[in-house]
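Listed after this line are the structures, all set down as structure tokens.
Heads up, the next two complexes both have chain A, just with different partners, chain B and then chain C.
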Partner chain A sequence: MNMWGAAIYAIVVGISYLYAFKKNKKGGKKAVKMGGIQFLKQLPMLISIFLLIGLFDKFVPKSIVVTLVGKGKGILSVFSSAAFGTIVMGPVSSAYPMGEILLKKGATIAAVAIFLNSWVMVGFVTIPYEFSVFGKRFTITRNVLAFVGAIVIGLLTGLLLEGRII
Partner chain B sequence: MKKLKKVIKNNKLIFLSILLYGITFFVSPQVFFKSVEMTKVFLIQMVEIMPPIFIISSLIMVWIPTEVITKTFGNESGFKGKLLSVLIGGFSAGPIYAAFPVAQALFYKGASVANTVIILSSWAVIKIVMFMVESNFLGITFASTRYALTIPIIIIMGYLMERLVSREDILKELNNKKVEYKSVKDVLRELPNMNCGACGYKSCQDFAEGVMRGEVVIDDCAIRKRAKKTSPVLKESHQEE
Partner chain C sequence: MNLIKKHLFETVVGGLYVALLFISPDKTVLALKEGVWLLIDMLPVFICVVLFSSFLSVFLSPKTVQRIMGKETGVKGVVAGALFGTLIVGPLWILFPLYKTFLNKGARLAVVAAMVGAFAIKTPWIPYAASFLGWPFILITVVLTMSYAILEGYLMEMILKKR
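Take a look at the complex of A and B:
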């Protein structure tokens, strides 16, 4: 979490609080209580997701990805970048340096954009959490669409910037 | 033994991750310690992000009137609603899992499926505060092209989702989650308490006792059946009023 994000959150939460309490004292108190209960209820789920993200991140060696995405040509680089972005998940801030490394190793613009978008939009590890929030049907459809969407965005970015799709 | 099974079943995921970590520890201690280290970073991040997220989502639940959300993000909100959803996501911070509780609250309060997906996706991908960071690493042309392409694609994704998954599908799935009641009192709290007798029992008290004995399920209540289209959370807030 960067400083900016933290600051914006603090401000948003602060203002919401002030407004809530001023407008409706009881409602504000209820909101805090409800938020707390919801947080505690989902805590085990969240902790296990973090454990899994950590494990997945270290399990897939970065060097393999760099070779696959960076030197792979054509369709292989498209799928390996999408697959990698899907399986591994993490804060977006750590995806940028990874993208830079990939570019330096010779990856196409399309592959890097696909990787970035699927990294943040498609979450293999967060699927159980999404199940509990929106149900199975929504979760699966959304993730499939996001996976395809990430590839489309990537290919178009490549087409516009490099004049080629793969 | 039975109890242990239940505990494991309710916390499948955490047991699975403990198991995986256990295996990793023996196979490759190095990966194990690195992963633990990584998880620690995430946990610290969560302590910063998640409490405000849950407070914001419950604030939405408690004091933003349903009509307001429905008007701004509902089916009738049109293109303006879609654009606003992109902006909400864009100005947020934190990864996609932080968006789930907020998007759920908005969805319960009447946001359309399309807009829920748009909020989730733009929350994940479009980070106005991170734009400069991305430009530093990957160049401003890359960053701006990616942003310019992502916004329309996200909106298209929203339209597609709306076609593929209906609001009722989601609510039905979330409503059907098994709720276990500990006592007759718990059941009674969920009932209209009008003693209408439509279920075949004399009173709601009798019906609740029937539920506890397993003779009927709570949704056999005639009034509940009618009200089923509303979300579980909305029902809760009605009772407290």
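Take a look at the complex of A and C:
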């Protein structure tokens, strides 16, 4: 999946720079240099994020997460789903199969939806990176809104599909 | 000391690895391998994003950004931003430099925030997700996430503009 995602990006970048160097060689060079500097600047953060994801993956096994998501009664199950979705890191390709396992294990649709939504919408591990790019106010506001949204969307999904929210 | 402060996150992750290496060396090595593998997997995308962002910073005129994503676009611009957000693949945070470039060029905050919000919908992934969770689940999630992304755009703008 990443392969063709990367291929599409590569084509976009290729076309942009073809245009850039044809139109204004100096500008093209400037853009490459700028990109290079940005890349080197952000590389340590990037490496750290992936190494942290690796730690999560090995030290917080998926089986533990699966047994804990949606645990607790009522409102507590909502928060445990959202909390685990926020903390868990990893590619979405592994999120959907986990959702299926959770449903099979008897979790409510709302709990699974909240878990998956917060997985893709809220970035806990990447908060330091988001700080460095957008600043604290933007980052905190965005993540709080995303967290609330993940819960609201999940509850509505449960209501529409199962006729119950928890 | 200053260097540590500047790279606090990197230092903490590094420290964690060193500590865990003593506690559970096998798992730590596996984690390192996993992390490096994911990094290699995602590096081409990140390089493309950074290069595309720098291309846009040099060649995209603020006027164009303001026309497409600026203040005058109204609801249309916010919806268009959200639609654009659904097309992108890769983890959300990989694209932060691109979004930042849009903002620097005068894009409206609501438009960029809606784009970031709608990113939770990964159009290329929808059939894959549906194979696990079923179409009703996915379609409802997509519609709700899209609506929320637009709302989130306006909310972000309202909250952040206050000061």
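Rule of thumb we're sticking to: the second predicted complex is superposed on the first by the 160 of 166 C-alpha atoms of A that agree within 3 Å, B and C clash if a C-alpha of one lies under 4 Å from a C-alpha of the other, contacts with A are read in each partner's own complex, and residues count from 1 in each chain.
Methods note: a contact is a pair of C-beta atoms (placed from the backbone, for glycine too) under 8 Å apart; a residue touches a chain by one contact, two chains touch by 3 or more.
Here the structure is a predicted model, which is why all the values come from computation and not from measurement.
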Combined model on chain A: chain C and chain B, fit or clash: clash
Touched partner set for A:V60, first chain B, second chain C, both or neither: neither
A:Y96 touches, of chain B and chain C: first, second, both or neither? both
Which superposed partner A:I47 touches (first chain B, second chain C, both, neither): both
Touched partner set for A:K136, first chain B, second chain C, both or neither: first
Touching partner for A:L76 - first (chain B), second (chain C), both, neither: neither
Which of chain B and chain C A:L161 touches, first, second, both or neither: both
Superposition clash, chain B versus chain C, among 25-33, 169-177 or 187-195: 25-33
Residues of chain A at both interfaces, chain B in one complex, chain C in the other: 1-2, 5-6, 8-10, 12-13, 16-17, 20, 23-24, 27-28, 30-32, 34-35, 38-39, 42, 44-55, 57-59, 91-93, 96-97, 99-100, 103, 109, 112-113, 116-117, 120-121, 123, 126, 128-130, 133-134, 137-138, 141-142, 145-146, 149, 152-153, 156-157, 160-161
Sites on chain A touched by chain B in the complex: 1-2, 4-6, 8-10, 12-13, 16-17, 20, 23-24, 27-28, 30-32, 34-36, 38-39, 42, 44-55, 57-59, 89-93, 96-97, 99-100, 103, 109, 112-113, 116-117, 120-121, 123, 126, 128-130, 133-138, 141-142, 145-146, 149, 152-153, 156-157, 160-161
Interface residues, chain A side, partner chain C - complex: 1-2, 5-6, 8-10, 12-13, 16-17, 19-20, 23-24, 27-28, 30-32, 34-35, 38-39, 42, 44-55, 57-59, 91-93, 96-97, 99-100, 103, 109, 112-113, 116-117, 120-121, 123, 126, 128-130, 133-134, 137-138, 141-142, 145-146, 149, 152-153, 156-157, 160-161
Of all residues in chain B, those that touch chain A in their complex: 11-14, 16-18, 20-21, 24, 31, 34-39, 42-43, 45-46, 48-52, 54-59, 61-63, 91, 93-97, 100-101, 103-104, 107, 113, 116-117, 120-121, 124-125, 127, 129-130, 133-134, 136-138, 141-142, 145-146, 149-150, 153-154, 156-157, 160-161, 164-165, 169-170, 173-174
Chain A partner contacts - residues on chain C that touch it in the complex: 7-10, 13-14, 16-17, 20, 24, 27-28, 30-36, 38-39, 41-42, 44-59, 89-93, 96-97, 99-100, 113, 116-117, 119-120, 122, 124-125, 128-129, 131-133, 136-137, 140-141, 144-145, 148, 152, 155-156, 159-160, 163
